[in-house]
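So that you can tell them apart, the chains are marked A, B, C and D in the order they are listed, and the count of residues begins at 1 in each.
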Amino acid sequence: MADVIGVAWATQWVRASAAAVGEHRMELIDLDRAIGDGDHGENLDRGFKAVLVKLDNPDTAPPETVGDVFKLVATTLMSTVGGAAGPLYGTAYLRAAKAADGATVDAAGVADLLDAAVGGIVARGKAEVGDKTMVDAWTPAAAAAREVADGGGTATQALRAAATAARTGAESTDPLVARKGRASYLGERAIGHRDPGAQSSALLLEVAADAAESAESAQ
Amino acid sequence: MADVIGVAWATQWVRASAAAVGEHRMELIDLDRAIGDGDHGENLDRGFKAVLVKLDNPDTAPPETVGDVFKLVATTLMSTVGGAAGPLYGTAYLRAAKAADGATVDAAGVADLLDAAVGGIVARGKAEVGDKTMVDAWTPAAAAAREVADGGGTATQALRAAATAARTGAESTDPLVARKGRASYLGERAIGHRDPGAQSSALLLEVAADAAESAESAQ
Amino acid sequence: MKKLINDPQNVVAESVQGFVAAHADLVVAGDNPEELFVSRAGGAVQGKVGLVSGGGSGHEPLHAGFVGVGMLDAAVPGPVFTSPTPDPILAATKAADGGAGVLHIVKNYTGDVLNFETAAELADAEGITVRAVVTDDDVAVQDSLYTAGRRGVAGTVLVEKIAGAAAERGDDLDAVAEIATRVNANARSMGVALTACTVPHAGKPSFDLGEDEIEIGIGIHGEPGRRRIPLASADEITDLLLDPIVEDLGVSSGDQVLLFVNGMGGTPSSELYIVYRHARTQLEAKGATVARSLVGNYITSLEMQGASITVLRLDDELTALYDAPVHTPALRWGL
Amino acid sequence: MKKLINDPQNVVAESVQGFVAAHADLVVAGDNPEELFVSRAGGAVQGKVGLVSGGGSGHEPLHAGFVGVGMLDAAVPGPVFTSPTPDPILAATKAADGGAGVLHIVKNYTGDVLNFETAAELADAEGITVRAVVTDDDVAVQDSLYTAGRRGVAGTVLVEKIAGAAAERGDDLDAVAEIATRVNANARSMGVALTACTVPHAGKPSFDLGEDEIEIGIGIHGEPGRRRIPLASADEITDLLLDPIVEDLGVSSGDQVLLFVNGMGGTPSSELYIVYRHARTQLEAKGATVARSLVGNYITSLEMQGASITVLRLDDELTALYDAPVHTPALRWGL
């Protein structure tokens, strides 16, 4: 049982992210139409498509570390997504890249990079848990990964725990009034709708875990 | 059996016209929406409402002759209806007013004033029978009245014959391509639709006959 | 029907009240609400040919938005989509008369022609010389014995601008009429509707169009067009509008043209520029030079989504007159 | 979805291509299509503070329509309703820099603020001094700890016009920023939607509104408003928009104000003037003088039917700067 994950996993995660975002594009648009401006799925789809193009560009050196992969994702999202999600996701991946500077990552490393991502999002967006934003997915995800790491679990287990917590976190935004982002303009009318950024965050973390598990079973 | 009609009939016709146009306003709008610009019912309704206001104005001398009534209708329609129908109906009533200069009108007089009306419409609009305009209602109406007059019928009979012919004339516009007015822009697409001006003309002539008959039965 | 209006009967009156209040430096409304017209704030310019236009309302900013220096002297807004009656046209003609005669610019519709004709007769009886130029730039309608002739549509704006400049530089009535006739003769237009519009007094859309259908060859009164086709791309639609214009006008290599993409009221300007982009490319491919451009809502059909394309073949004089200063609520440059 | 577009992915690029072709005397687009921005045709004005604004597309003519003499030096159109990324903002900032620093005028949305912030840091690293003024004139949103703060809406146009005039007269960066801040502090807006708009990439309306419902307190991105109410008369709707503005701004007797009625893109100007008429009457009833007026489509939400009202409290300096000459594709006077 593998307890570390590396650049292959990170690359696979990115590819799976692009596929998942493409597949869920309309779902994310619809969530954003309800309490925002209807572009979240389009924004991420544009961003991850651009990431794939960069990844497959024969002229650029292939990323050698997990950090390299995240850095490529960070800069590409930053310069193609726009809106609120672009800088927020961009900063998340940038901080995660710094946290994951080795070639491989163990369970503690997963927790570290998720902590770093949360830190980046909060540094830019100033949101707290309960504000009905992507923070509501990332914060419990990081905490869950840390718990697995502290309990001696594998990186893959940490990612799965993070994904599960992120999904629960996303679901927890349904009954909330928003205090950050566009949905905050709606007041009570946001109640009953899921935050699109929290939903996309859960999606990305789920494919992160899937990527780790499939790498593992291939071994 | 009365063989002449007078100012009471003319006044009653005008009042009944205003009522009928009000009642059929939406029908005429819908006919005009189909092959024109959807204002015919509104235009006539505005015009005849204004006629009523003038007729009931205590400051103006009440009309003494059939011609006086028509003149009031003519000038009021001319200055309130606008569009194509305003000048056309205005000229029709103006010419009819000149033709009906006595206090009463017999069957020949009815034929004369309808001929005058047709002459006015054609002078302004240059349409012929078959062009899918109000001419298709007025022309057979005048001819039918003339036939009754020549056959020794009454004014009331002449009006009823005119009304019946006008209705048939209006119906005859259904299968036509228009060659005058807005409907001419539509080419073949006008086929299957009744000309709104022909329809309103038939309506007005029907209430003219009704007014004569009710005056008669009241005697 | 969803509109920012009060009583449908008062739409034109209230809108004109707002309009003259907002542009009091440029325009005034006549005193008599029964004879509604809008004219230049300073009154008629003595010695200058007066320009009067008008027609049904619902095409704003046409015509009242073009009253001011270098363009119209007075405009007559009729009820929505209904030609005004002769009385307000006469009143506007008097207000526009500076002693050098008045030009009526009339869009070719039976109602407009008849009512302006009567007003001109009445003005003549009062000693005002009136000439009329009837605009008929719409190539969607064939000019034949079997129609009321081509309609006057967006080219009318260019006639008003250019003839207005001619009057402003001191041309006499015949010369201004000649310029107006020349502009009309060199302008061709065609329009498309993506949606119908709703006339306030009717309360329902002027026609029913499926979610995937558009009307090609529409006029400006919510009347149906020449034909209904499936929704197509902007470039394809642009070709459908531009080709008959280019053919009828005989645009050829070396021509200098003005390209005018007009919005019908409910189409965002971003879409008008997409149409403009392709139309310009196509004209240039024919060897024509797009020397002047106008893009925006200038002659509309209420809230209709759609657009029209107008091409005006320019000569040096028309270009100079088009460039001359204009200061009206809806068109302004050089002042 | 019925639009005059080709591929939804190309809407912004093609529209900007048409726009710069039509207004080549005033504007150019940057060379790199990946970093799309529009700037003054003549390049940066040496010694003048540069003004840059931008944001999601779909609000045309804002912002690119306001690039030109007396207003913006560059504008950055993002994807429809999506803030541009830092790269094109940086490119625009460089194009606008004439050595006297650059002012970013940013509408208060999380995405716009974050992306402009990053661009400003990057510009700073390249030696360009940048200051940012964030507009937040929308009284429909409460500015509290529990929201992202008030949104920047139509008041932004007035900030761009007046700050642009200050830059043109030679004010330094701090002074231009002070003027921009002052305009924003004295402007309040609120909007209504009669219909939703359809973002091209989404392909369906941004919200579903019943035939007899309207949204009060909308933003400019097709987002739902504060509340949904039954359709009402123009005068009633005008009161619903104007009252919170007047209260929040504290309009009182003797105030000189600018009244700006803005169309959302799909509303005919006749309706905007009906709104203007009543708003003006109400302001005058409060003892205020409507000293300046602006009525039209200046900051839109694609083809949405609806309008917003903005009231700006004027002082002599702001009035003079508002009156100063401006020559841009969408706003022009005095030149």
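Note that in this section a contact is a pair of C-beta atoms (placed from the backbone, for glycine too) under 8 Å apart; a residue touches a chain by one contact, two chains touch by 3 or more.
Bear in mind the structure is a predicted one, so any value in this text is a computation, not a measurement.
Enquirer: Leaving out subunit D, how do the leftover chains split into contact groups?
Expert: Result with subunit D masked: A | B, C.
Enquirer: Select, from all pairs of chains, the pair with the highest number of C-beta pairs in contact.
Expert: C-D
Enquirer: Determine the centre-to-centre distance between subunit C and subunit D, using the mean Cα coordinates as centres, and give it in whole Å.
Expert: Between these chains, centre-to-centre, one finds 29 Å.
Enquirer: Compute the distance, rounded to whole Å, between the mean C-alpha positions of subunit A and subunit B.
Expert: Centre separation, subunit A to subunit B: 76 Å.
Enquirer: Counting only Cα atoms for the centres, state how far subunit B is from subunit D in Å.
Expert: 55
Enquirer: Using mean CA coordinates as chain centres, what's the subunit B-subunit C distance in Å?
Expert: Centre separation, subunit B to subunit C: 33 Å.
Enquirer: Would you pick out the residues of subunit B that each touch at least 2 other chains?
Expert: none
Enquirer: Where in subunit D do residues touch two or more of the other chains?
Expert: Counting only residues that touch two or more other chains, subunit D contributes none.
Enquirer: Write out all the pairs of touching chains, ordered by chain label.
Expert: A-D, B-C, C-D
Enquirer: So in the complex, which bits of subunit B are touching subunit C?
Expert: On the subunit B side, the touching residues are 29, 33-39, 42-43, 46, 78-88, 124-125, 177, 179-182, 184-187, 189.
Enquirer: Which of the residues in subunit D come into contact with subunit A in the complex?
Expert: Going through subunit D, the ones touching subunit A are 56, 78-87, 109-111, 114-115, 117-118, 140-141, 145-148, 151, 199, 201-202, 204, 206-207, 219, 221-224, 226-227.
Enquirer: Using the touch definition from the top, list the residues of subunit D that touch subunit C in their complex.
Expert: Interface residues on subunit D, with respect to subunit C: 2-6, 11-12, 14-19, 21-23, 57-58, 60-61, 65, 192, 194-195, 211, 214, 231, 233-235, 237, 265-277, 280, 290, 293, 295, 297, 300, 302-303, 305-307, 332-335.
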